[in-house]
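Both complexes below contain chain A, partnered by chain B and then by chain C.
Presenting the complex of A and B:
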């Protein structure tokens, strides 16, 4: 029983990280229909920026995360302006190639600036708490809570504010949104900004339980793609639910079936879900 | 028009990528050719150059490891060159290290070695991974070059390749001291959580029968893919569920340290057997002190070694590369010196069979400053037979363990 609860908590932790990354990915996909392969690189940049702010400038963890959100958000905007915007009329394959190009560029860039070695991010929340035989570190608790808070904020932003509504409008129908006076350029930039910010939050939260290194984005990006396919491309609830499904299936699968096959379990799950609902769990009828 | 524009962007990206790559290789080149050009300036007529090849991971996730091995070789070469080079058969020679990136891939290592032979005629090619060594062993006897193999994989010296020199001690030598110590101090139940690389699996395959022969039991046998796992809590929880007395962990030092740390967070009180790839001193930086690693047994960190040459070496290395040297740097450093001494003894810089035959003399004639490890002898199989230096962490301190 203790093991089950412990593994549920572990799944919740990792699922929260996955969901945050997948959210950024699905937002961009929903609005611009670009599979942003470079999203993992944004995640990695987020880790490095937070780490640099903490070690070089001595900023507090939260302030460092805030700076990181802004910086990575701006990198996202820059990406949209310099690469994806000029490609908006090009065949879709160009976007994909360009995204891979950005991924390679950012990884090489990080290695040039910060070096190739593993770095450890300190956290003010090192302490370990034991409740009913359940082992929780404060950092993990923080990941779970912060992820939920971020999701609620994102939901409120999209549903309750005018700017958020323009993003939804554009994901539903780009031309229609344009016709009723939504500035699609602005919305595209804003989406990339939020997407980058989400990546920065995810990596800054999860980096203390792992390490910061140029290839860290690859840990999550493949899984994030699985999640958004599973949840329905472009669907926000899909990304959240998909993230937790994958997190739980990994931790419980590793415990009760086999650790060596836990990736297969996730993919079998994907196959089953896509067999029953080929467009993903929460796909919209439109696309 | 749009198409032109997108084409332009693509070109731009590629130019960026290539220019970045170019930056990389030029900086490597200048670093490696500097010593030779210095030599050319002083006495250009009668100073020869010996090119030494290196193929290893200089980009990608293992780049830091490749860099450290290369640092060891370059440092030895720089020292030899700044002392005026070395004399073979009445002629002065200087060393020139030619380094190529193989991204940790055996096939790239093979291609690099071919290129090094054709363009630079390198009598010796260093490579720091077993896959690369195997790839090079396919043709090194025909193409006539010695492999400076930095890998503790016993198979590289078991295949009977006459021109392979294995620099580190073979890892199966560690099985007995590690097992004895861990069983004695903690108990007979062990859980396996090494890295998922081929090397980690080979280690597990050797350790398992040995541990069982000593009356121990393997209660959990899995591995962690450091390139895929974001969090190790799940797998460590599962391993600890079986109540092991000892954890076998290993891989690159930093993620290995995270595994150890998370095991402690989850309440693990037993000992660790640490695979030789991970270094205790590098792990300490991640765990924030040796206390979390109490009861761990692994390879003695170079900085804590009591060899006479070590303090001076550590000081020089730190001044040059701004970090503590590990065994990657230290062993390759000795390796480079041993090859130079062997060339002197052989009286040739390009007759590789003769150089290989004189490796023992090369080790005998090592200058005192190069003896950062005690390597008395090279075996018939081409492996350096060094004294194993093993250390354990007790009460937050490194304690040397005598290997019988």
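Presenting the complex of A and C:
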């Protein structure tokens, strides 16, 4: 029983990270209908920037995360400006290939700058707390709380502010939004900024319990794709729910099925979903 | 002037060049080795080209099928001690059958879903190869795959004979591709790429055609993988990794996606460039990544596409003076293709 609860909490931790990554991916997909294969590279860059800020410049964890959000957000904006914006009229296959190009570049770039070694990130929250008889590290608790806070802030931003509403408007109908005076270029840039920021938060939070290395984004991004297909491409609540579903199924699968094959669970899940319903669960008509 | 007579000269010259290439290098084993490898990759790239370039379905599981071909051959010859050529044939059959099964399911998805589906599928294939140690030896890899068995008096025990063997297969693949592209089927595939809905309304069974293309594409990948296994004679799970798919995609894109000669040009260029940048091995993507992205933005049809549109521009300037009747068949084709592409762009916008 105790193992079960412990694993459920682990699932909550992993799920929070997945949900944050998937949120960024789904926002971009909603706006531009691009499956951004380079999102995993943004996640990886976020981890490295935070790590560098902490070790080289001696910044505090939270300030390092803040810097990382800005840097990765700007990389996202650059990506939109330099690559996806010129390609917005091109056949859909081109966006994907361009995104793969960016992914390859950023991974090679990280390897060049920071080396291929696995690095661990220090955290000020090493301590262990006891809650309801469960032994939980502060960092894991922090991941869950911070992820929920970020999600609530994002929700409030999208629903309650004017700028947030323009993002929603554009994801509903790009031309329509343009007609009523939304600056679609600005919104696209903003979306990439938020998407990059979310990736940076996710990787900075999870890096202390995992490791930082050039390929750290690969599995996470694949799983994020599974999540947004699970939750409906472009759907924000779907990404959150899907993230937690995958987190729970992975941590339970690792305990009760096989630790070796725990990474395969997500992909088998996806293959089954798309086999049964080729347009994904909860897909809206049209796009 | 006519491109058809040009072609009659150019193609035999290229083939002769390939045949006498080892002589020109004075049997330099290193050069022949790299050349043979690049021929093997070309076969795989042709498979990707047929699917992604002509039919518009970006499959990111291509390396997975490459690995299935390689591992089928490896396991059948090393573990089952089967006759080489029988194993070779079986490897192709196995890859195609798996391709068929996967295709039936995967092709129900479209565009982004197809790309994501195949991406995950490629990863599953890789993980299975990596973890199923009793069959594939896991990370240790399969060692001691035999070289191709003798065909009558012909032996395949050195680099040179393997070079010619691979060259024969490559020429066959190019011939098959040529026949496909210039047949009604080829037109059908292009129609599906340009607009699947439209193709369906004019009575094309898109599913049947897409499935044929998918199986053919996996067949080429399997052929390429089997040749790779018999040539390198050692295979590890890395050959099924997503990086290999990205490599193949780079070759295809640099050469020209959706062009017949693109895979040859792109593969030769990148493989040799990588050889010259040996010490960059890990960082080569620092260069190729941006090249991939820039090409897609500025020259979506790669080097071959860029050059041919350049020629077309020159020719159309020339033909303004001369009569328009003498326009070659290919030029017309290109015009048609160009129109359809711009139609597509209009639709997308």
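Simple rule for what comes next: the second predicted complex is superposed on the first by the 253 of 287 C-alpha atoms of A that agree within 3 Å, B and C clash if a C-alpha of one lies under 4 Å from a C-alpha of the other, contacts with A are read in each partner's own complex, and residues count from 1 in each chain.
Criterion: a contact is a pair of C-beta atoms (placed from the backbone, for glycine too) under 8 Å apart; a residue touches a chain by one contact, two chains touch by 3 or more.
Small disclaimer: the values here were computed from a predicted structure and weren't measured.
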{"item": "Touching partner for A:279 - first (chain B), second (chain C), both, neither", "value": "second"}
{"item": "Touched partner set for A:257, first chain B, second chain C, both or neither", "value": "neither"}
{"item": "Chain B versus chain C as contact partner of A:271, first or second or both or neither", "value": "second"}
{"item": "Chain B versus chain C as contact partner of A:152, first or second or both or neither", "value": "neither"}
{"item": "Touching partner for A:102 - first (chain B), second (chain C), both, neither", "value": "both"}
{"item": "Touching partner for A:93 - first (chain B), second (chain C), both, neither", "value": "second"}
{"item": "Touching partner for A:116 - first (chain B), second (chain C), both, neither", "value": "both"}
{"item": "Which of chain B and chain C A:83 touches, first, second, both or neither", "value": "both"}
{"item": "Set intersection of chain A contacts, chain C complex versus chain B complex", "value": "83, 86-87, 89-90, 94, 97-98, 101-102, 104-105, 108-109, 111-112, 116, 218, 260, 263"}
{"item": "Touching residues on chain A, where the partner in the complex is chain B", "value": "3, 6-7, 10-11, 13-14, 17, 82-83, 86-87, 89-90, 94, 97-98, 101-102, 104-105, 108-109, 111-112, 115-118, 120, 128, 130, 135, 137, 140, 206, 209-211, 213-215, 218-220, 250-251, 254-255, 259-260, 263"}
{"item": "In the complex, chain B residues that touch chain A", "value": "2-3, 5-6, 9-10, 13-14, 16-17, 20-21, 23-24, 59-64, 67, 222-223, 227-231, 233-235, 237-238, 241, 252-255, 258, 262, 265-267, 285-286"}
{"item": "For the chain C and chain A complex, residues of the former touching the latter", "value": "52, 56, 58, 105-106, 108-113, 115-117, 119-121, 123-124, 127, 131, 242, 246, 249, 253, 282-286, 288-294, 296-297, 300, 341, 344-345, 348-349"}
{"item": "Touching residues (chain side chain A, partner chain C) in the complex", "value": "29, 33, 35, 37, 83, 86-87, 89-94, 96-98, 100-109, 111-112, 116, 218, 222, 225-226, 229, 233, 260-261, 263-264, 266-268, 270-271, 274-275, 278-280"}
